[in-house]
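Okay, got some structures for you below.
Shared between the two complexes below is chain A, which pairs with chain B and chain C, respectively.
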Partner chain A sequence: MAKVVKTQVEFEGRMLEQAALLQGPQPPHWPQEASLEVVGTSALRIDGFERVTGRARYSCDVHPPGMLCGRILRSPFPHARIVSIDASRAELLPGVRALLTSTNAPAIRWKDGKLILDSLLSFEGDEVAAVAADDAETADDALSLINVQYEELPFVLDPEEALQLDAPKVHPSGNLMGGKPRVYDRGDIKRGLSEAEVTLEESFHTQTALHNALETHGSVTQWIGKELTIWDSTQGIFAIRSEVAEILGIPLNQVRVIAEYVGGGFGAKQETGKYTVLAALLSRMTGRPVQILLSRWEENLSTGCRHPTTQRVKLGAKRDGTLTAIDLHCVVPVGSYGYAGSVDGPARGLYQCPNVHTGLYAVRTNEGPARAFRAPGYAEGSFALECAMDLMAEKLGMDPLELRLKNYADKDPMTGHDYSSNKLREAYQLAAEKIGWSSRNPRAGQTAQNAPLTTRKRGLGMASQLWGGGGGPPANAVVKLNPDGSADVITGVQDIGTGTRTGLAQVAAEALGLPLSAIRVTAGDTRDAPFGPTSGGSQTLSSAGPAVRSAAMDAQEQLLDVASQLTKLPRERLEVRDGFVYDGRSPGQRKSVAELLGAFDNLMIVGVGSRGPNPVGYSLRTFGAQFAEVEVDVETGRVRVLKLVAVHDCGRVVNPMLVRGQLLGGITQGIGYALTEERAMDRQTGRVLNPDLEEYLIPTVLDIPEIDANVLNQVDPHTNNLGAKGIGEPPIIPTAPAIANAVYNATGVPFTSIPLAIHQVIRKRSVP
Partner chain B sequence: MAELAAKPPSWLVPRGPGRTAIQLVVNGAEYTLAVQPRRTLLEALRDNLHLTGTKRGCGLGQCGACTVLLDGKPVYSCLILAIECEGRRIETIEGLERDGQLHPIQQAFLEADAFQCGFCTSGQIMAVKGLLDSHAEPTPEEVKRAVSGNLCRCGAYPNIVHAGLLAAERMGRGR
Partner chain C sequence: MRAFEHLNATSVEEALAAIGEDWQTRLVAGGTDLVPLMKKDVIAPSRLVNLKTASELANVDFSDEAGLTVGALATLDDVGRYPPVRRHYRVLAEAISVAASPQLRNMATLAGNLCQTSRCWYFRNIFFCWLKGGEKCYAADGENRIHAIFGGGPCYSAHPSDPAPALVALGAELTLYDGKGGSRSMPVESFYALPADDRRRETILRPNELVARIRVATPPQEARGVYLKAMARGVWAFPLASVAVQGVWDGPMAREISIVLGGVAPIPWRAKQAENVVRGQPVDGGVARRAGEAAVAGAQPLRDNGYKMELVRTLVERALVSAAAPQARHHPVA
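This part shows the complex of A and B:
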């Protein structure tokens, strides 16, 4: 009987109560000493051939016959009202097939309560009109022929200003999201601060960062009868399916979402975009497929960003370094209908501190919406907290690592629960050893006595990482075991580049007892797949992996039933390895799976599985530490990262090569976040100055230092039956604070805002 | 001479503003297509010829995802008009693998895990091919320079450099 269970699931810093339907067997935990043959190996990506040959079909590559090109006209102003809109000249242009404006678009309510094409516009890039034409050139021409009269309205960008009573209203309900700050209290913060012998108070600022996945957001839509197919560049095919079905008022089984290959997401592709719904509407109007692919410029105005933060941190400590208080006040502008990450997460959970207060103000502003961006909130919050810890260490005259160990959380400080596993101490130790921590400048800015006289100063810095990634239900899987001994693993997840297909294939091969080459994984199509989670929260593998293992186990049990009946051997004596069924008593006796199943015509075994509940009473977290060595030229202001050592704990490693890729990627983005990336806004006009890749500087191959990427590969004995946790987001978290702390160690000048761009460093230098 | 005067080179003939027929030679095959003169080589490859292995990341010559070889040199195909490419040799990612056999550069990218999402990969591979076709034994620094105009947001850079060197080594051995 299918059983419903309730369980706690953490997602990007938020705890959610989830109900799951348990189907299929729940396999026992794979212990550390389990001898696994496929899981744990650096198998090459099973979809690598497609990706290196250009054959991989991304949503932007889909071209159904008769496809029209769609384009969107966007607001040039941060806050405006459409007084009139005249599209008659555009409609007359040969090749224009359909046009949507606020005057003829259906009354679909969007996330901010406004209409999908509203006459009120609340950020530069807000959608004004959409057109579908025979080709891109005609669609572009059509946009330029739409005549819009705008009434510019007062706008607000600064969150402090937005909280004033007389500020322009971004939303009728007010600019403070939820009407109040999000507050967390542990112990008594006043007492904690008064008990402190040393206190530190500092304000930190982090910038707006842009995801810039190389494949921009976009959809191709096609109606066949009542059924809508959407090829979407998304991290969550099932999320898009349910959102679009609700928006258009059609049943779930008449929306099919396909994302066979996705050109990166990094958090910005978890929700339905207006472009998807507009394409679907234009498709319905014309009876033809419509493609809307956003330009880089549209991408960077409208599809999301990492919100900036202003964080005031107060720390209190005893002279021996014991923390008595962590107080965080943070203000986060989230744009017109954005989302605030868990900036308060690290302050709440990273250190064993009895008295903690956090207050987070999420404020609407006239900018494009903020979206989740790789470790949303934690990357920002860790920058402030971990830099504050180094300033505190300096005040105390303590080694920053020692200060962290002094306040090490052996249990989850928020719940008092044991961690399902926690190897942060080992991560600190190994990383410190590898970077040569003992050779650091003992005090910030105090270089070794015999250091040569130069304008270049070297320093070492470190920072810690805390994040979730334990995953949870719901996630389902189906395994079809074919008569020739090959298997199809059908999942409802998508592979956005992390290697999900490959990791799941390894789990399936291991659990089925088949070689990896016998496994095919279906991902990225809702139509025939059971539910799979969104690729977010570093939980795709830890959620979907156990479901695949459960389905594989179900299939293998049926295979053993079949084998036992055919061979007349007792079932308990049989085992499956490398595609053969062996008699445990006489290992020489074996029959291939193909031989067994091939005895029947088209005998297919179908296994069904699901992700079980999370363990009760444990906190599922991932940990890590990064140490950086930098060189700062105090004359030119240039910061160079010389070396970065990363050690992370994500439980069992299913594929070391893929995990290393995640580390390299997260650290690379972290280096960009620390040193060069910043969306620049013209405060006078409310327009973004660099929504491109020319002046928004993401790291190139020339910007990457030596990266020593390590994982501890210690199985988590409680989290799920794989013993594996996520690693997608953790590596970006400690990079920026580790670099900033290294710059502090090199120069003796605290840097409290990122990016540590040349002009920032120079500015600090000129202050005596 | 008389012949030349009678038939000026194609780039001298006024084209457009509407669609105009052009011939492109891509991966050794000749195609005739009708494009507006403002259509880029990238759009012609993807939208007219459905050779979608070449990707559009920005359309502004800032990311390198659309890199192809034009007369053997890597170019951003989003910055060049299709009509400019008549009579020139165009090589795209689709021209590398034959009968299921990967080109050594592709094989090296696969083995070195020199990609994640794969969206920049065609451009990276073509940039490396442009280098190796003219420099059989590059230094790591030369490989870095060759792909420094190709952004990889997933951050596979160290593996891309490794793949370039691995391919060079294997191709050198094959010579």
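This part shows the complex of A and C:
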């Protein structure tokens, strides 16, 4: 019988109350000592062949017959009103099939009370019109023939200015989101600061970063009768399905969202883009499929960014290093239609400190929207907090690692709950050993190898990582066991490049007792799949994995029923391993699953499963530490990372090679965040200057050092039936502060803003 | 990208006949600069004439008598890996080795690299800036950390080519063919000219001309040069600042010296005052440092690019020390 339970689920720093429907069995946890044969191995990706041979079909590879090319005209101004729009010349261009502007588009409500094509534009790149034509060049020519008269409006980019009373309003309700800051208090911050024997106050700044996933955003849409199919480059097929159904006012079962392969998302592809809905509308107008595939340029203007932050951190401590106060004041410009990440998360939760106050001001500005970006908020917040900790350690004359251990949180400081598991101490210890932390010279800028005359200074630095990733319901799965012993695992998740399909196949193979080669995983299609969660919050495996195990267990129990009845052996004696059913009493006796089920024509066992609730009274978190060694050329300003050691705790590791991929990818992105990546904005016109990969510099292979990537692989005994937690986002969190702290150690100059680009390093060095 | 006509030229003659007196028809070889400009709608030519199908200019040759000859279709990779270039023109080989990325060097031609236009992020955007025929340079009082500290105004672009400063330092010459059967030759140095009101371009190339070949005389036995570049990441970035040093050496004494900067002016920028400090002197740390100082004399940094003065000082000093010492270990990325 289906059962409804309530449970707490954390998503990117926010706690949500979630009702879960339990279907299928809830398997017991696999303990640390469980002897697993498929889970825990570095199995090759089950879709690796398709990926490397180009057979994998991404959304942009889908070309239904008769497909038109859609293009979007975007606002060249950060704030403007459309006075008039004349598309008549564009409509006459041969090959133009449909055109949408604010004058003829349906009155679809978008965010902030605006229409999908509104006459009020609030950032450079805001959508003005859309066209569908026979080919891309015709569509581009058509856009250039649309005559728009804009009334330019005063705009605001700086969040402090945006908070002034006379600032241009990005939104009628005001520029401060929610009308007030998001505040958190624990203990008494005033008392904490007054009790402190040593205090530190410093401001930190982090930059705007752009996602730049390998595959840009885009959709292909097709109506067949009343049914809409969307091939979308998305992190959440079910999120897109429900949003589009609501926007267009059609039933859920008439929207099918397909994302068979996705070239990355990093957080920007969790919600429906205007391009998707515009493509659907153009399709409906023309009766033909329409593709809108955004260029890198358009994507970097309109589909999201990591917001910048200004953070003022005050720390108070006793002389022995015991923290008495953490005070964080942060101002976060979120652009138009954007939102703020949990910048305050690390300050609240990383250290055992009795008095904490955080205030977060999310401020609307006339820029493109801020969206989730790999550990949204935590990457920014950890930079400020972890650099402040090193400055405090210097003031106290304490080793930075000692200071962290002194304030180690054995329980979740926010709730007082035990952690479901926490191996941060082990992570610190292993990473410190591997980098040779004991050889670090405690006096910043004075390390032994830094002879006075050399311009190249070396240093070591470290930082900690805290994040969620425990996952939770809802997530469902169906397992179909075929008469030849093969199985289909049907899930509603999508593999955005992380290896989700492979990880889920390993769980299914293990739980069914079949070889991995017998498993096929369906992902990325809403039509026939049960619900699967969005690939965000590092929760795909920890949410969907337990559901797959539940469904596999359901199928295996049915198989055992069948086997028992056919073999006349008691069910308890039977077990399934590696595609065979064994008699536990006489291990030599076995029958293959195919042989057993082959006795029936077209027998299919269908198992149904779901993700159970999260444990009550536990805090589900992931942890880690990264240590960096850097070399800084103080004359040329070049910072080189020589080595980076990462040790993370994500519970049980289902596939070490895939986890390693997440670590290497996250750290690489973190190095870009620390050293080279920065969206440049022209403050006079409100236009982005580098929305492409020519001057927005992501790291190259030559910028990446030796990365010693490790996970502790200690099973979390409480979190879910796999004992596994997420690892998608954690690796990017500590990279930038570890590097900045190493640069501080190398040079003796505290760097309080990123990126540590050449121009910044030289400038900072010249200002004493 | 807008629709355009495409013509495969079967000979240089045919290509030249097809290009006109305005910039509506463009020649394309590697396309690594042209195509991105078209994709960004900075230029929208109505016709492209493909030079790659006219194979007669693909040569890279060297002889002691004639020196080095590079045809219009020779790629950066063809030139950079050509053994005589590595032997006799180290400054050029080094400059090419740190230009762009291996994939781009396989496509991009040396001639096209010399003709590439500004990488200014206002120019390559929707701004109707002075270089495009507009009224103002947005970088002058805008976001100008990547811009020029020398020779700026009205345009503050920073010259992006790595090989160009090396070729200027080597005294290279190039030959242009035009559509009327004519040709003209000039030093690479004079191919570049600060953009002016009546010529909003960084070169003197006319719309009906093509760069047919580049010639570099064989350097004397005692000649030696190095290239040194500062960029924002380990590879595949335009220079924040760079220096090409080419000298004729008598032991550590520079009998002749060329010091040419990249990434700091709208065109390759000759550091004449630094050359004067070095010429005829035995180069030691002190002379090199003074030359670095002299190299930034007259610089006019904008709000955000003062750090380039520091870079130029350091690069010139380090490059001179390396060039003066034949056995010195040298890596062209600072």
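Just so it is clear, the second predicted complex is superposed on the first by the 763 of 768 C-alpha atoms of A that agree within 3 Å, B and C clash if a C-alpha of one lies under 4 Å from a C-alpha of the other, contacts with A are read in each partner's own complex, and residues count from 1 in each chain.
Operating definition for what follows: a contact is a pair of C-beta atoms (placed from the backbone, for glycine too) under 8 Å apart; a residue touches a chain by one contact, two chains touch by 3 or more.
A quick note: this is a predicted structure, and the numbers were derived from the prediction, not measured.
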item: Partner chain in contact with A:L214 - chain B first, chain C second, else both or neither; value: first
item: Contacts of A:P76 with chain B and chain C, given as first, second, both or neither; value: second
item: Which of chain B and chain C A:G264 touches, first, second, both or neither; value: first
item: First (chain B), second (chain C), both or neither touched by A:Q684; value: second
item: Comparison of chain B and chain C by chain A residues contacted; value: B
item: Partner chain(s) touched by A:L702 [first = chain B, second = chain C, both, neither]; value: both
item: Contacts of A:P333 with chain B and chain C, given as first, second, both or neither; value: neither
item: Chain B versus chain C as contact partner of A:I762, first or second or both or neither; value: second
item: Touched partner set for A:E694, first chain B, second chain C, both or neither; value: both
item: Which of chain B and chain C A:R638 touches, first, second, both or neither; value: second
item: Footprint overlap on chain A, where chain B in one structure and chain C in the other make contact; value: 136-137, 295, 692, 694, 699-702
item: Footprint of chain A on chain B - complex, ascending; value: 36, 38-39, 43, 46-47, 50-60, 62-63, 65, 92-94, 96-97, 102, 106-107, 109-111, 113, 115-122, 125, 144-145, 147-161
item: Footprint of chain C on chain A - complex, ascending; value: 76, 136-138, 140-141, 144, 295, 297, 633, 635-638, 675-676, 680-685, 687, 689-690, 692, 694-695, 697, 699-703, 757-759, 762-763, 766
item: Complex interface listing, chain A residues touching chain B; value: 44-45, 48-58, 60-61, 63, 135-137, 211-216, 261-264, 266, 293, 295-296, 496-499, 657-658, 660-661, 664-669, 692-694, 698-702, 704, 707
item: Of all residues in chain C, those that touch chain A in their complex; value: 1-3, 36, 39-41, 101, 119, 121-122, 124-127, 138, 141-143, 145-146, 230, 232-237, 240, 304-307, 310-311, 314-315, 334
